[in-house]
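What follows is a short report on a single structure.
Order of writing sets the chain letters: A, B, C and D. Residues in each chain are counted from 1.
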Amino acid sequence: MSDIELLLDADGVRAYLLEVWPQVNGAWQIESLSSGMARLRKQTLPSELRPGGTVSGPTLMALADSAAYVLVLGLLGRAALAVTSSLHIDFLRRPVEGELIAEAELVKLGRSLVTTSVRLGNDSPAKPFDRTKPVAIVSATYSRALV
Amino acid sequence: MSDIELLLDADGVRAYLLEVWPQVNGAWQIESLSSGMARLRKQTLPSELRPGGTVSGPTLMALADSAAYVLVLGLLGRAALAVTSSLHIDFLRRPVEGELIAEAELVKLGRSLVTTSVRLGNDSPAKPFDRTKPVAIVSATYSRALV
Amino acid sequence: MSDIELLLDADGVRAYLLEVWPQVNGAWQIESLSSGMARLRKQTLPSELRPGGTVSGPTLMALADSAAYVLVLGLLGRAALAVTSSLHIDFLRRPVEGELIAEAELVKLGRSLVTTSVRLGNDSPAKPFDRTKPVAIVSATYSRALV
Amino acid sequence: MSDIELLLDADGVRAYLLEVWPQVNGAWQIESLSSGMARLRKQTLPSELRPGGTVSGPTLMALADSAAYVLVLGLLGRAALAVTSSLHIDFLRRPVEGELIAEAELVKLGRSLVTTSVRLGNDSPAKPFDRTKPVAIVSATYSRALV
């Protein structure tokens, strides 16, 4: 969807988030942002693990939601009044502690709704992130106005 | 679905969670548990709010997932090897800080999947929890074996 | 949600559908319609069955979508420009040929989105429709404007 | 997911479907089938259109479900006892009469569940199918055993 332009680049989104949502600072990093894709990286915390070292489901849901939000901010800019209107997640493989990647792809920038498809996975030197074998796949929709 | 019996009652689930998942202690309380419904109560934390006092989406998703998990533990018992396999949430109304309720209703106890329908809402003396006007509605499915 | 009034009652919706969507005539009947719930009844057709007598998934999805649409028409009236924006279905039990019921409950009438929760099941003299043991449960969202 | 082998190729699935589900014959064609992707093509019928020439939602849901089923049959073979366990669809753009494409991508072949991601769109000489601008995006999960 290369015919769409970003209103905020990665640095612009980082600066905006520091202003309006400072408590998220450090929870994850924006690795890259284009008009078609936002990529976030996160180091899991001990509190986000379940017995056995599995990353908790809500941790994955929060990261997917954040990746979609970063993409929405890039597309709609600082004034964005956008809230998650729905989210669907399928848990597919066991995520382990360490580095997680979330890639949010734009599938529709509509007048009232923005729809993204997000894939999550671990990333390590031995086993780099592989979009075709995600630990979870998400459809996240943001509403541009209050529903 | 009154023909199904609980293997663990509310006290049994509380004791089990203290053993295997102590970090969740205090995040929410089990108000009631039957074979057809689990009801959780939660006091929102400052870290769970967004600017303006809205409760964050991941906070609602985590509470819904927990309510479904409590129901699954009650039905399947201590030995339960159950993981969330999918979750769908529609965000409907603006949740505010304070007390939240999550009611997880059993819709199918299958041999491989357990499906629940969860409704979330605020609860206050002035405006008690109303199942017909939820802030969010969730379908959460647990897998009884590793997928 | 008794504080909402219908703009069209069941007869009004039937008349409107005969005008704008005549090919659906006879596929199902509106049993009842209130501002909180639409109930449809359908007799399965041989072409809607799979080997073994199971009702096909798309047949259930279509019936759920129709039940939500009837509720939306009742609430928004004849001029309604409303399209399905998302639908989530969990298939729970094996539906058999014969009579099917779909009950669509209103969970949110928003300014841009209308969200419904639909339960489907068989209905027969020997085994009447039971909302607590549905063959499928659906979340269907309509958009009041083109997305 | 190139490390997975097909048990049935496109011709094998076509032959199997003629045996067990002859009424689907002609509703769509299998264009290609690999272990990672099934691609179906369909010509819309007048009965599948809504006023204005839009393709009905259930038509898209049925085509997505079929594409996922063809992929599942290819992976699991003739003896496959597989039923749709859940389906989530986001309707994104207005589909028009003519040729439709559905591409079902394998995201997880699990022991009990098979998860696919399906994209649907129109295809015409003037405007070929574009996976990045789908008319709808679907997550469809099949259960390998009765749920």
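Criterion: a contact is a pair of C-beta atoms (placed from the backbone, for glycine too) under 8 Å apart; a residue touches a chain by one contact, two chains touch by 3 or more.
Since this is a predicted model, take the numbers as computed values, not measurements.
When the interfaces A-B and A-D are ranked by how many C-beta pairs touch across them, A-B comes first. If you match contact pairs by residue number, over half of those in B-D turn up again in just one of A-C, C-D or B-C, and that pair is A-C.
Chain A and chain B have Cα centroids separated by 24 Å.
Each chain gets one centre point, the mean of its Cα atoms, and the points for chain A and chain C are 34 Å apart. Each chain gets one centre point, the mean of its Cα atoms, and the points for chain A and chain D are 27 Å apart. In chain A, the positions touching at least two other chains are 85-86, 88, 90, 92, 108, 110, 141, 146-147. Chain B contributes residues 85-86, 88, 108, 110-113, 141, 143, 145-147 to its touches with chain D in the complex. Per the touch definition, chain B reaches chain C in the complex via residues 1, 36, 88, 90, 92-93, 107-108, 110, 115, 117, 132-134, 137, 139, 141. Within the complex, the chain C residues that touch chain D are 20-21, 23, 47, 50-51, 54, 57-58, 61-62, 65, 83-92, 94, 146-147.
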